[in-house]
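Letters A, B and C name the chains as they come in the text, with residue numbers starting at 1 for each one.
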């Protein structure tokens, strides 16, 4: 009964079939295989989940022994407990939905089969990541999703901009992975095992030979790379160069949440790492705040959503930082619902407008593409935190624990997050208004061809919108309590619990009203604001010029070293020079020795004579 | 009588040896190639005499027959063919005279030392062998060498023919 | 002096003189003749040893040297003739085409 292995392997099979033979099979077959196999994985996951609820014990399956060194062995094992169940359901469920959406979205693309192959490959690695029992298997999945992300961001690689974006994503991830590896090494050195459940048990049992905070910081560096937190967040906005289903699946719902999952899984370690947890919380808060500020001025529909994702991930890390691991996973779930819905809705808009992505050239679409509009609106309400939509519940919990948790909650933190929530509501409603409401600013040609997307796309949108609406009623934090206990809250703050809920709702409503006010009518007000605050606007539009900073501080010196030190000096002068030097030395000595060849027979015979004389003397001397 | 003959034997041996030595020096020293050839012929004949005195008459016969009768005759023909006004005849010695002579002396000294111990004891009276024993052993034990030398001679014949044909071909062309 | 010693010394002398002659003389034909002299020296030493030992090995080798010397001369002289035809001189200093 290798059900877990099956869950992981089926997408891999899909990858192999579609990757190797996809072009010959035809679009229909590719779609059936590409979507069918993830759906089967989802079905198996659901049945495994039922089994888990019945028996109540975690399930471990060892697939394969990877390597054995003497007494230690590394195995590829899969682990299914409540947390893995939630993650796997998200990955296979939303993954399958997005696969189905892609059938309609990528219909006219020539590389249809390659797309589905890469998507299935991504699913395979992501499932390895969430189901892996040891950090090693998780790392394989970690790297693998990075690879799949690179392949999919640069899917339309003929355009060098896309290829560059893919490279940026991969390389930035790798920088983070260095930290991940260091954390792994420290853990293995101290504990002798990389199994996640054993690591947690070891830290919970008593003091361990390595500083938990140190390990926590290193692992968090890996998480900043994968989950796009400051300072390694720069790849996510560029990653919007990939097709929209990719943005939805990888850069909203699943891959970027890998960092969150990792920290939630290792809660045993982080419970004993207060310094690391504080770092996690404040980096998350800073990221959330700054990303929200940048999102306010973005003009590309996907870039707004990208910065929004970075910001929401910041929320999740704040929750992890104050010890509310279950709440972070709850927000992960609701975020997956509404962000996927938003991205796919954006894809539907782009599809309807024949490729237009600039929101300054949209408007008045609400009546023309109603399904897209309503699903988008519901998801926007969810992300803004309007009750009773899902985002309200998860965001409210985060704000509560940011204020009141005994493990690092503070008023400052809560205020930062509340302001961010306000900004979130503002820029999301701004997006909704500029895209769907008001007068049309579209090009005439584009306006002519506006059409609603096919059912394969709108159907998925409706399912996701429904989940975004009611998903908040799924009691995830309570469900995960046995694995990730919620932190105790300060007594003094209990009085503020209900007012805080009111504050959260207020933030959402105020954001809605402000956006409606600013962006109504003929958009003269935003223009005046832009001119008034032109300096601030330039700073935000330039994304705080972090990319330029990295370019000057890191890329230029590296480039210089590469060029001047390694190429000019090392390669050309040292290596080539040495070889050429040896060759010319051989040449020179050859020239010298050639002087013996005078062509004079007399000399030759004289040399023979001398040689035989010496030979005789030598043999005489040596008996 | 015996002792007289033995004494004559040794005397003749010394004389022949001495003359052979003089002949060799003359080979190196004389100016005109014809005279050099004559000196060499005389050296070879004296050596033949030495072989005869040693008892290996058939080898002495071969020495005169093959060396003098074939090799040196050929040499003399060629010398007569070539121009005596050749500048090589005028300047005898090459620039390497002095190093050559020094080297030669050194070589001679080294060889003498090398050969010195090889003689062993001459106490045992060696068995005499004549042409019969020689041919029997040659064709029985050393038949392979015999065949190989015939191949070598064949090769020499073919080569000479090739040289002549080639030379005459170029002349005509 | 013992007969054998004398003859061996003579053989060594002839060999050395022959080699010196090849180095010293400026006439290709004379150089050839000096090489014959060297061969004769070797023959003499072989005969002396054969005489000492009493086996036929030495004599066989002497005979083989005769044959080889003959073959050698049969080729060497035509080579010299062709060289002379090209360079119009017997001086080996003119034959330095293969100079390194």
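Methods note: contacts are C-beta pairs under 8 Å (C-beta built on N, C-alpha and C of every residue); 3 or more make two chains touch, one makes a residue touch a chain.
Model, not experiment: these values are computed from the prediction.
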Name the shape of the chain contact graph, picking from line, ring, star, complete and other. complete
Of all chain pairs, the one with the most contacts is B-C
Interchain centroid distance [CA atoms averaged], subunit B/subunit C, Å: 7
On a C-alpha centroid basis, what's the spacing between subunit A and subunit C, in Å? 91
Just the number, please: Cα centre separation of subunit A and subunit B in whole Å. 97
Subunit B, residues touching no fewer than two other chains: 94, 96, 99-100, 103-104, 107, 111
Scan subunit A for residues touching two or more other chains and write them down. 600, 602, 606, 609
Of all residues in subunit C, which are in touch with two or more distinct other chains? 19, 23-24, 92-93
Given the complex, residues on subunit C that touch subunit B span 2-10, 12-21, 23-30, 32-34, 36-37, 40, 43-45, 47-56, 59-60, 62-64, 66-71, 73-75, 77-82, 84-85, 89-93
Complex contacts: residues of subunit B adjacent to subunit C: 10, 13-14, 17, 20-21, 24-25, 27-28, 33, 36-37, 40, 43-44, 47, 50-51, 54-56, 58-59, 62-63, 66-67, 70-72, 74-75, 78-79, 81-82, 86-89, 91-94, 96-97, 99-101, 103-105, 107-108, 111-112, 115, 118-120, 122, 126-129, 133-134, 137-138, 142, 145, 149, 152-153, 155-157, 159-160, 163-164, 167
Subunit A-touching residues of subunit C, taken from the complex the two chains share: 19, 22-24, 31, 92-93, 95-100
Which of the residues in subunit B come into contact with subunit A in the complex? 94-96, 99-100, 103-104, 106-107, 110-111, 113-114
Subunit A residues touching subunit C in their complex are 594-602, 605-606, 608-609
